Every structure is written in C-alpha cells, then in structure tokens.
C-alpha cells in the first residue's frame, strides 16, 4: 500500500514522464490543497447530476481567453489600421488558442494544457466546417430567393415568413411533446394521431402561404426568347433536361451498380478482385473525364450532342457511388440470413432475391438516391455531352439539351446582373433539389436500418 | 387425410422414373418424402408403415405397428401437402436422388414384420458419416470422423471450443461450400446416398437436411407467417394450404399459442427464444429429414432454453436431430447419443474421441478424456 | 473407430475429394447476369483508356510527348499543345487545398468521433455527407461571389506577414490578389474536406474501444489517448484518405474554372492572379475547339486521367489495407 502511494507521488511530480492527469485529480493533489471547502457540498441524492470534464475554473478560463482575444484583436486592428474582418478573426483565434493553453498551463500541468489546446483546436475545426456549410447555404438562399418569388414589400415578407415559421414551430412542438408522452408509454390513439394531423395541416398551411407568391413564370418558361437584359425567362427547359438526363442515368446505372455490388459481395466470383479495383478507380475518376470519354466515343463520332449521352456520362459517375454504398449495405446484412435461406434449400439466386434484397431494400434505395443527388449537380460531364441550349428540347436522343447546372454555368459566364441573378435563383432550385434528395435518402435509410435490426 | 383416423398402410407403389415422390397424388397418405435405400449390414433398414410423423408419442413408449388413434392427433391440423421444388428434382433419372424411394420399399412388409415395428427404423433421415476430414485453406481442422446418426434420435456433439463440432455439423449439409478454400474427404450418407456425390445438388441436400443457427435470425423483411413459409418460396416448393402449414409448423415448434393472434407482425418483434422457435418452425416447413442445430440455445435465457429443449424432445420422434452444444447438462437432457470431439494438442485437427449412448458417455465413458470433460475437469 | 470402413468396404483415403458444384439453372443465369454487370464496369474503364489514348495520339504526336508534358504553350494553330505549366498549377491548387483542408478535415473527424456529444454525432456525420453531396458548381459560385473578397484580404495578410516564405511573395507590389491559386485551393479544400473526413473517421472509428479505455484508464488525457492509440492505429488510413482527397482535388473542374484566370505558365506565387488546371483547360476551351485542338484537349484529359488513376489506386490500396488490418 505504501509502495503504491510513493509510486503515485513520483508520477505526479515527474511531468516529463508524459503521464496524463485529469483536472479533478490534479487540482487537489498538486496545486490546491482542499481548504476552501472542507466539507463536501450536500447534494440531493435524488437529483441526478452529470459528471463533467470541465470544471468551473476551466469555464472561467475559456471565457477569459475569449474576451481577451476579442479585445486584443480589436485593439490590434485599431492600432495597425487593419479593416478586413478576416484579419481580425485570425488574430482573435490565435490569441484565444494561446490563451487557453497558457492559462491551463499556469494552473495545471503540461499534459492537461496540451489536452486543452487540442480540444480547442478540434472544436474550432468542427465549428469552422459547420460554419462554412451554414454560410454557404444561407448565402445561396439569400442571393437566389429573390428571383423565385414575386416582388413583395418587406412587411409582407416578414408576415409570410413569420407565418411559415410559426406553423413549423407548432408542428415540431406538438410532435416533440406528444412523442415524449408516447415514449413514456402514456400514449393514446390521440397522441399518435395528433402529430400527423397537425403536421399535415401545417404543411398545407405553409404551402398556402408560400405558393401564391412563387414566381411561376420562372418554372414554366425557358429563355429562348429572352434577351440578355430582359426581365422574365425561366428554367423550364433546364428542368426538363435534368429530369430526362437523370432518369436515363438512373435507369442505366442503378441496375448495373446493384448487380455489381451483388457480384462483389454475394457471388464473390473470379472477377471480384479486378472489378473492385476498377470500381475504386472509377470512383476517383474526375467528372470531366467521364464527360470526355462519352464525348470521344459517342458525340464526336458524328452522333452529336444529346441528352442521352449526358445521361450515359452521369451514369458513369453514378455507378461507382451506388456500387460502393450498396456493397456497404449488403455487408451490414447478417450472414446468418443468407445461411438460413440456403439451409432451407434455396438456390443462391432465391436467397438473394427473396431474403437479401428485401432486407437491404431501404439501404439500396438510399444508395441510389445519393447517387442521383451527386449526379444531378454535375456540370462538367454534361457540358461535354449535352452542350446546353436555350430552347426546350423534349427529345433526349437528338440535339443539344440544357439542364440545371449547365443553365447556371452558361449564365455565370455572362457579364450582366440580370443573368447572374437568374443563375442564383436556379442555384437555389438545384440546392433545394439536392437537399430534398439527400434528406429523403437519409430518412429512408434510417427507417430501413431500424427495421433490419428489429427496433 | 383428416385426422384423427390413422392413415391406412401406404401403397408402396414403386415410383415412376424419374423417381420423384408425387405427394399431390390423391391416394397418397401424408407422408414425408422419405427415402429408403438398402443399407449395408449390420443395420438393415426395414420398413414399417409410416406413422404420422408429427404424432406426439412419448419417446420411451413407442406405439405398436399400426397405431391406434392417439389423443394428440386430435389437436393436429390437417397436414398440407408440400410439393417438392421443381429445381430440386433431378433431371437425370440415373442420378442419385435424396427424394428417391427405391425398390427396398416394396420388400418392406416382411422386414417390417420381423423387426416388429421399431419406430426408430421406420423413419427417413439416417445420416452416416464415414471418415470425414475437413480442410480450410489446406489446414486440417477435422480428421477421420465417423458417426452414425439414427433416425428419431437426438445426437449431441459435445467438446470444448474450437474442437470442430460446428465444422462437423456444417459439413453435414454442405454449408462449407460458401467458404472459399474449404475441402473435405470422406463421405456423408443420407439414407445411403452420398450428399457430396456427383450430380448431387447442394440445394437439394439442404432441403432434406435443415439447419437452425446459433443466433436466432428470422428474415427481417417478412412477417411471422411469411417467415414460416419462407422455405417454400426459397426452395420453389408449393403448398395448397399455407395457413394450415403455418399452424402445423408453429405447433410443432411450440410457438403457436404465443403468436397465433399476430401472424402478420414482423418476426423481429418476437423475443429471442420465440425467434429461435420461429426459426425451427421455418426449418420444419420444408419437411426436412434431418435437423441440424448449431448451439441453438447459447444466445437464450434459461426459460427459453427449456422451452426449446422440450421442442427438441417433441420433434425427435419424427426427425433426426443433431445438436451442437457447449452445455453438458443440455446434452444430457436432450440427447440419446453423444459424440465427444477433442483437439488433443494445439494445431492438430479435431477428432471424435468417443461416441455412444448418452447415458454411457456420462456415467461410464471408456476414454479417460471423456470422463474428465463430462465431469468438468477441463473445457 | 477412425478406421471404420466405408459402406462399400473400401477404406477412404484421407485426402480432399473433388466436389462437383452443380448449380441450378436459375443460379447460373443469376451469376451470369451479375458477372455481366460487373464486366460492364471493366469495359467502361477499358474503353476510357483505349479511346482516350487513341484520340489523344494525333495531338501528342504533333507536339511530341516531351513537349506535351513539359511545354507551357497552347497554340492550336501551330499544333503546339503543352500542358506542363498546367500540370504544375493543377498540383499547386491540390497541394494548397490539402494544406488548408487536411487539418480541418482531420480535426472534424476527431471532433465527430471523440469530442462531439453523442446525440450530435449522426447529425454531424449527415452534415459531412451533405457537404460532399453539394454540387461543385454551387461551391464555385459561392467561392466566386462570397469568398473572393475576404480571401484576398487573407492573401494580403499572408503576403505582408509571411513574405519570408517564397510562395507567399509577390512579384510586384500591386499585383491583383484575386482569382489566384490560393482562392481556388481554398474552395477545393472545402470540397475535399468531406472526403477526407468520412474516410479517416471510418478508419479511426475502428480503433478497439478497449484500447482507448485502456489508455484513459492509465490516466491518459483525451489528447494523449488520441496521440498514442487512435492516430497510430489509423495512420495508414489517414494517409490514404488524404491521397483520396488529393485525387479529388486534381480532378475538380467547375469550382476551379469559376474562381481562377486560366494561364498556361506555371505560377508558383500562389497568392497572385492567374492559375490553371487541366480540367479547367478542357472546360474552358471545349466550346470553341476545332479539329486537332479537340485531340489536344483529349490528350490533356488523358494526362489527368492517368494522374488521378495512379493517385486514387495508391490511396485505395492504403485505405483497404488499413481497413483489413482493423
């Protein structure tokens, strides 16, 4: 017993030994003997508390570092006469990070201070990534939303947005409160039904508020007759192109991708090693090369630009994405299910078709939707294969065709404000499409995973 | 077909070539598609009239040759006829078939009289393993294991972990073919036919020899009833009475009372023990001759384990059961015959050290290692 | 017992016996269809390689392979196609993207795995995947309209504070600092962050939790645990994920085209206006290309294809090996 205590002491004293300490232990042992508060505070044994790695001193130091960083950066910019906000931010962050390290180092040990430093840096990188994503989405929405709705006075804007927010809030709150009762086991038929009814009512209400002010012309006309400086014009031709090209790409790529995934994971045939190798190579294929190959093989051999060739190029991009995701999904399926099916006397194809695929269905749908979400935003391959057009071309098998990214791309190269504004509005539509596809894929995938594991 | 009257002596008409039992024939009694093949001495396979295989007969008191109406039949629903899958039927008439009912059947009456209706011998599903060795990637894991599994008996495979019990079990229905690098030698004879023989299809073998796995794994995308019927769809068989088959299989697995009101719920909504019995019911639906169980209770609580053990004792009257278990008491409770597997020194393949009737294996084993193991001195 | 004879009396030999795998007709059809689909993937890549090489040949032979890879002129009328400068610029953009993106991506991966509250984890993973799904066109627009100005401020700061480093030096005092390698690199950095994050996060999540708990149980701090257990375990996977990000950065097209001015000369002063990438070349020149210039663009595409193929395959090999080890 004595020996152990002695060992502990040496470890604490020898900081260079790189043995880490935890704040709560360090404080009493090394720096501060317990004098302020000899008796532990009486806590109510019935009230749960959550042990936290951050003590009050840590929090105080974080706040002090942050405040002093802002003050320092402000003073520095004032003195040096710098005006760029990013310069301010860079200095503030440098000061903040240093400050958290120095204060922790002064109070505790090198190891704890290092831990603190890294924690701060990692939180900053997390905040940076979330901030960038949020900034980008908000920026696109602000730039582009103007072209999607009619011109409205600010007061009406506020009123309509307020109404929509209110309805969403009501739906969320009702769902959350009743969901809690449901989870607690005190749910009734009413608590099950009400969230759905309220949700549907709020959705309809929000539609009623928003739809009348939507700029319908933007969605129902093309820009064939619209001059560069004119008002009006829309994305109808691009929507048609996107729809047709994505459908063609999906029809080609999804069966090939899922069958390839089955080949790789269910059959494990002789070609499995080279095919996996090639699928890996395809997934890193630059999208413009996918366009270039279809251009070389198909378009440039006298067949001309067309929506279908864009569909093929997009399919080349989708195949590796869907294959890899589908293979991951197949991998999550318990091998016991396959063995059980075989043990019931099933040939392999029945085991795959009747057991594996139904079990993986939600995951495979998710994989396909994610592939579509990726393909729908690709510009470079479509540029080389469909080329783009200002008129509405319903036939994907001949003549150039536009689609949403291509439409935006074309407008961005033009020098006037009206065209750029149109591009932003189309970008909002594209972003919303991707968001909707992505969220749909996630929801289906989550439900499927829950069903698979039986919860 | 309608119980409670016992079935008439079956018309042992030699089946046409290709030798496929046509169970849909109106006159045919609801027999299992069982096979009998002349077997080498000393165990001649005599034939007795098929008793309703699901008859609930106590194991200690086998019924007479022509069973009189027995009480339990009253509860058993009419048996739906299951047509064997087209895919399992062998095109080549000369090919060996596990479905075959060869000429031996016609000679049966005399033999039957002689044997005096020993119930165990009437049943199909006799498994003989001769000198089975198994390799994985050239590493030998089983060496020259020979074992006979009698119809109507429960054979328990016991032994410490990693001694090859599960490997042996999985070799019995060709499950190792899924593993690249798996090779074997020796023979596994089901009713005298080598299941690894030329032209023998693994799917057909697995249809005759069902398997229940360690972890209960109902198919998540199917309801309880669909799970029971899954084997039919998977093997391409058909039935004229799916509801009846579901009820019959669930009754035999001892699950009917618990799930009869929620047959359309997901199989995943059941408890672990119920799921395992659902898996047993699922295996029974295709009427296998043999049921292999790979530690069926190791993932279950003691109560569910007891229910499953009772189910096993009920089932063994009409089906050959081979069970791998870690639990010595379980082996003692459920099995008629035991085989003790052991890897003597690390890196050696597993061998069968001793096998024999359970009672003898536990009370008076001939090999000292068996004695040590069953008394819990190692393993 | 082990020597009991087989039923036919013969003693069986103890050597593996051949087993005929007789598959049903359905199985053969099923395997055939799947193998056909898998072979389609092989065919696509094979066609890509063969056709690009074939169509690139006239342009490369007109210029000469050495000049093609080292030259920095693009004169279709003189049949002179040199992508050397563009290759340098492409790699400079990718390296800039890595320098900015890798710390953020790895920090984010560690944040999601080790620091974030458990409830936020699925949300954050979803956010990273969403970042990967957002079209590069939108990244490019955002980079062009929202980032250019603040980033030129950063470029100014770097040029004035860190001009000891050669690549941050300016050739002239009042050169334009927009539409530069630095800005393109920053936009591409945000685009490759999700790739690096999701792959390295996957690898690092496979660290056995018992090892982490062991490190913490010995009194290690969280950073100590990450440094001594998580990072060594995930080392090769992290390297692989960075290479994957590098491959993606090399091939990025639209976002780069939007934020740079294409120049054919190598530009090592990354803060200054003027940069380029091969994909940007193709996207920019494609519209008005005629005759041999089309072959030149295909040749440039072939160079890009081979470069990304090599980087990606090395990366995948490393990632797969580290996943197998885990």
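Some points to look at:
When the chains are written out, they are named A, B and C in that same order, and each has its own residue count from 1.
Keep this in mind: a contact is a pair of C-beta atoms (placed from the backbone, for glycine too) under 8 Å apart; a residue touches a chain by one contact, two chains touch by 3 or more.
Just so we're clear, the structure is a prediction, and the values are computed from it rather than from any experiment.
With chains reduced to the mean position of their C-alpha atoms, the one farthest from subunit C is B.
By number of C-beta pairs in contact, the leading pair of chains is A-C.
In this view the innermost chain, defined by its CA centroid being closest to the centroid of all protein CA atoms, is A. Inter-chain spacing, taken between the CA centroids of subunit A and subunit B, is 52 Å. Centroids built from CA atoms put subunit C at 54 Å from subunit B. Mean C-alpha position of subunit A lies 19 Å from that of subunit C.
Contacts with at least two other chains are made by residues 23-24, 26 of subunit C. Residue positions of subunit B with contacts to 2 or more other chains are 87, 202-203.
Along subunit A, residues 347, 350 each make contact with two or more other chains. By the touch rule above, subunit C contacts subunit B in their complex via residues 1-8, 11-17, 19-26.
On the side of subunit A, the complex with subunit B involves touching residues 268, 334, 336-347, 350-351, 354-355, 358-359, 361, 451-454. The residues of subunit A lying in touch with subunit C in their complex are 18-22, 84-87, 90, 111-112, 114-115, 117-119, 121-126, 128-130, 132-133, 135-136, 139-140, 143, 255-257, 259-260, 262-264, 266-267, 269, 271-272, 274-275, 277-289, 292-293, 296-297, 300, 316, 319-320, 323, 347-350, 352-353, 370, 373-374, 376-380, 383-384, 405, 408-409, 412, 423-424, 427, 430-431, 434-435, 437-438, 442.
By the touch rule above, subunit C contacts subunit A in their complex via residues 23-24, 26-27, 29-31, 33-42, 44-45, 47-48, 51-52, 55, 103-104, 106-108, 110-112, 114-116, 124, 126-131, 133-139, 141-142, 144-146, 150-151, 153-154, 156-157, 190, 193, 197, 218-224, 226, 244, 247-248, 250-254, 258, 279, 282-283, 286, 294, 297-298, 301, 304-305, 308-309, 311-313, 315-316. The part of subunit B that touches subunit A in the complex is made up of residues 85, 87-88, 173, 175, 178, 180, 202-204, 206-208, 210-211, 213-215, 217, 219-222, 230-231, 233-236, 266, 268-269, 279, 282-283, 286, 292.
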